[in-house]
Every structure is written in C-alpha cells, then in structure tokens.
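Quick one: the structure is below, questions incoming.
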C-alpha cells in the first residue's frame, strides 16, 4: 500500500468507524430493553476477556480466532480493534489468522480478506499506516 | 477428584490413549493413499503451529479454542495434548475454554465437559494427577 | 426510542421493506426456473409452520430461534415478521432471542442487535411504535 | 413398537440413563474447578429456561429445536428430558423436530433418528411406553 | 493394508454394517410415527439424488462433499455406500474428499480419517479389498 | 425474465463485477503481506480444483455445493463463475443447488436466491441472457 492509499484510508468515515458507531447505537438499544438474561450475558462476555490466568492480549487473540472460524465479520472487527489496542503486531495477527484459515479452510478466506483490510483501516485510523 | 479416582484414571488404557492410537493408525493409512493435495494439507496444518510471530504455546491455545467453538472432540483432545506438552497450566486451559464457552454458547458445554475430563486423563497419564 | 425516532423509522422505505420486496422478487424468479425438487421444498417449508400439534405462533418462535442460532439475518427477519403478525409481544420475542443467545453464544450478538432493530422497524411499519 | 420391545427398553440401564449419569458426574467436576466465568455461564444457562414472558414449556421446545439444528445429541437428549417432564406430547415433539428438519435439512436426519429413539427411551423409563 | 488386515476387515460385523442396520431400524421407527412433513422430507431427500440434469454418480459425490464439510459421519458413510455402488473409484473419492478438506479445513480431518476407513470397510464387505 | 430485464442486467457494473474487482484487490493485498502459510494455503486451494481423478467441471460443482451448504455467498459466486466458464448449464447448476438445499435446509434459501440471481448476472455479463 503506497502513501496515497494510506491517506485515502485515513481521510473519511470508513466501514470500521461506521461499524463502531452502529455497534454502540445497537448496544444502547439492547440495554434499553432491559432483559435480565441478555444484560447478564453481555457482562459475562466482557468479563471473559479480562486478564486472569491468561493475559488480555492472549484472550483477545483467542476471541479473534474463534470469530474467524465461526465466520462473523462484525466479531472479527471487534476483536481486531481490541487486539491492536492491546499492542499486537501485524505479524502476530497474521499468524493468528493463519491458524484460523488452516482450522476453518477456504470458507474462511472471505473473512481473512475482510480482516486484512480491517487491520489496514484500524491502523490508518490510528495514524499507524 | 479423590485419590482413588486418580488411581483409576491412571491404571488402564483410557479414551485419550485409544484416541492417540487410532489417530496414528488412521494417519498412517491416509499417507498410504498418497494424494498430493491431502499430504500437502497435512504438512501445512503442522506448520501452522510452529513458532513464528506467535510462540507455539499461544498457537496451540488458538487451535484449542477454534476446535472447541467448532465442536470437534478429537481436535480438542489433540490440542489439549499439545497444550499440556507446551507447559500450559490447568487454570490457563480453563480460561481459554471459558472464552470458547462464551463465544460458542451452551452448545459448547458437552465439549467443555469432554475437555475437562481429557485434561484430567492427560495429566493422570503423565503422573501429574 | 423517543417519538421523533419512531417517526423517522416509519417515514421511508427501510431495510425490512427492502428485504420483503427483494425476497418476493427472488422467490418469483425461483418459481420461474421450475425445478421440481426446489418447488416441493418451498411448499414443505411453508407447511412446517402451519398449525398442527403445535400452534402457528409456537412454530414461528421455533423458526425464529433456529434462524438466530444458525445466524441467518434474512431468516430472522422473515420469522420476526410472522411472529409479530401472529401477535407475539416484544417481551416474548426478547425471551426467545435470549434462549438463542445462551445456546449460540456471543457469536449470536450481531444477529441479536439486528433482530432488535428489525422488531422496532416492523412495529413502526405497522404503526405500533 | 410391540410389547416385547417396550419391555426390553424399560429393563436395563439404557443410553439415556448413562447420559444422565455421565452429565451429572461431569458437571460436578466442572463446578470443582471453580472458574468464575464458567460457573456464571452455567447459572445463566439454567435461568434462560425459567418461566418469564414465555412459559417453561415453550422455552424447552426452543432449546430442543436450537439443539437439533446445531446438531448436538447430548443437548437434544437434555431438552427432550425437560420437554417430557413439562408434559409435552409425542405429537408436539415431532412437530418441533419437523421444524428443525426443514430449517436444518437432511444433515439433521441422524439427530432426528436419535431424538425419536430418545423419546421412546425416556417414555419407557417413565413407564409411559 | 496387507492381506491379513483385509481378511480381518471382511470377517465380522463391522461399524459400516452396524450403521446400515441401525439406520434401517431407525428409519422404520420414523415412518411409524407417521408425521406428514417428516415423511415428505424423506421422499424429497431421496428424489434429490435421482438422475436429472446431473447423473446420480455426480449427485452422490455432491452429497458426500456436503456431508463432509458439514461434518456428519453417518451422512458420509451413507453417501460413500451410494458412491461405491455407483462405481466411483477410490481415487475419485479421495479427490472429492480433498475438496472437502480444503473448503472445510483441518476440522474436517477426523471425518476424512473416518471416511478413508469407511471406504476400506465398504470395499472389504464387497470383496473388493 | 423478459428482454428488457436482461438488457438492464447487462448494462452497468453489477454486484458480480464489483465482487470480482474487490476479490482481486484483496487477494493482491494478501499476497503483499507475505505470510508463508497463507500463501501456501492459497496455492493448495487453487490446486484442489485442477483436473485429477475427477475433472475440473465436477470439482467446481463440488466447490459450489460445499460453499452453499456452508452458506458463503462470496464462495458461491466464485464457484458459479468457474462452473459457467467450465460450460455447466443452468439445469445442471439448479440440480446441484437443489442437493445443497436438501442437505442444508431452509437456512440455505437466502443463498439459493442469491445464487440464482448470480447465475443470471454472470450469464448476462457473457451475453448469454
């Protein structure tokens, strides 16, 4: 990716930013409906990635690979955001995505393509590309 | 688990040992059929867990969680064997399995039960229980 | 959701209306191709939700939860339309979606978000929000 | 099924009884490992089937169909036990399994065969066959 | 596989023969329950593999690969029986299973191992090994 | 589909053309990242569809059905492109998609609708509609 592409990636609201905004808005609506089971599940989901016997960085990688083999682009984008925030390098993310590709097969390829583009967009949004 | 149970677990060929023997025998048969694509896939599969940007220990954990959310008991047992060989503690394995449970839901529970028993059997086989 | 939002939801063709139009157009094209097996499957699919030992309302809920755990947004929207037509309340739909969330795990969350928005859009289209 | 078969079904420990025993033993082991996230998930799972906006009977049917389309025999057996305890008739269970078959396709057939046999075994164990 | 193994494979009831017997018995029970939707689905399922624009041989291969990527051993065994009856060679079956392995990834490997053993057992039962 | 519709389908960049362009651009980016495992998987994936014991035409049909039951629209579009290039007729493609529908169930229907529209778009782009 040359310098101009990087500039283009950073300039306008991109699909990662739209995803974050949509996700926040939808979560707000879900908390509004006030279903006890759903609320407790959301808290338990957050808690699963907090540091414990494994550190947060490893847990986010686990979440990324689980999302990739189950082929959920929104989940992949969410965990990529967290992984990059936790300081994982591109090469570490590619290595994790390669495990997902081998375990899940060619059906994972469209999600691998999506993930690689998401990494570029997230890095660009942070001024790292 | 009290002392007598641990003794029982260690005494006779158990399902983990039978799984290892069956897996070895079946792999041998697959190499015999000599299909180039299948052979190359098996080598690529092994290569995915060799240390790279991520260490082997992290990669085995990724393989474990991918196997658990895709609900493959044989794959779970294989990666548990590798994880324990790589020195991961019970608490680290339970933390990884908890991520799989949250991502994959209650449908993962039978595989969680299987995995917890497999950890006990593998540890017992190594004289660690 | 305040009154203005509800107004906005009701005003223009929304994604539910576009889904219904697209679905009808595509089904028409499928009937045109005149494949006997495909036609019979479509009839069998409709028949599965007709009242029998279980009433239509319960069957539509079953279709909704099956669609949610299998993570098919179009299928979720179709069954939400049928459920709301059959008179199910928001709280009943949320309770069914909670079962889907627990069985299917956090990978279902993007589809839960989609479903909650769809319920709002379908209700708004019926003048019920 | 003639009278002699019914007698045979009721006479000795069958796979449903072995499943219940194994499930209880494994759950006990899981509670022993004392992982907070896993324990909370198990409680949330139980809570999802308690009566709320939907009654327990409907929720167990939802759990049954979700388990069948996700093709988990242990989960199917667990929910069949609960459904029968909740008073659902054979015809109601077959109607729910038919929805699972149509949504999930022929890949569900082995699980349908399993479920129909499980219903016979559970009824026989209760003296209802 | 040497001559003695082939002899051992052919000598006693093996898992393929037990599968065929169990499948026949369970199907009989399912027809007994006389649910119209289930019966019609079973007929539609059989009809899907009858010669049409594609010949039966190609359709059975499609059924085999669909079963393998969806990871259903009973379905794999059923379609292998049909494929071998239709005259497909080992090399053709391995080529089809290789497509399933690439599309579905390493999670398919346990089912590939199962399928390769099933081919040996089916051939042995026909006196072809 | 009457003559005017066919004209409309052929006139402007459609979703199939956009898919091909996006796929090519993303693949280029993936080769840029230069991960050995990922590159080898991509080569192995291409090799799986080259003529061997089975011809390329049959292998593409296998890829199509595997993609449809695993419910990946991008994969379906890719294999439809290859199938049509290999000379498969509409009736042969519908017959293959019918197998996918029966194996995978009604959850495949949205992907069947997508596939039938894709066939029309690909044919129109080739001047065959």
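Each chain carries a letter (A, B, C, D, E and F) given by its place in the written order, and its residues are counted from 1.
Convention: a residue touches a chain if its C-beta (ideal position, glycine included) is under 8 Å from a C-beta of that chain, and two chains touch if they have at least 3 such contacts.
It should be emphasised that the depicted structure is a prediction, and the values quoted were computed from it without experimental measurement.
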Show me the overlap between the contact partners of chain C and those of chain F. A, B, D, E
Going by average Cα coordinates, which chain is farthest removed from chain B? C
On C-alpha atoms only, rotate chain C onto chain E and read off the angle in steps of 5 degrees. 180
Measuring between Cα centroids, which chain is at the maximum distance from chain A? E
Mind checking the centre-to-centre distance between chain D and chain F? Centres are C-alpha means, answer in whole Å. 39
In whole angstrom, how far does the Cα centroid of chain B sit from the Cα centroid of chain F? 35
Note: chain D sits from chain C at a C-alpha centroid distance in Å of 26
Can you list the chain E residues in contact with two or more other chains? 37, 41, 44-45, 48, 66-67, 69-70, 75, 91, 94-95, 98, 101-104, 106-107
If you connect every pair of chains that touch, what shape comes out? Choose line, ring, star, complete or other. complete
Contacting residues of chain E [partner chain C, same complex]: 36-37, 40-41, 44, 47-48
Over in the complex, which chain A residues touch chain F? Could you list them? 1, 71, 90-91, 94-95, 97-98, 101-102, 106-107, 109-110, 112-113, 116-117, 120
Inside the complex, what are the residues of chain F that reach chain E? 44-45, 48-49, 52-54, 58-59, 61-63, 65-67, 69-70, 75, 89, 91-92, 94-96, 98-100, 102-104
So in the complex, which bits of chain A are touching chain C? 23, 26-27, 29-30, 32-33, 35, 37-38, 41-42, 45, 66-67, 70, 72, 74-75
Per the contact definition, I'd like the list of chain B residues that touch chain C in the complex. 69, 101-108
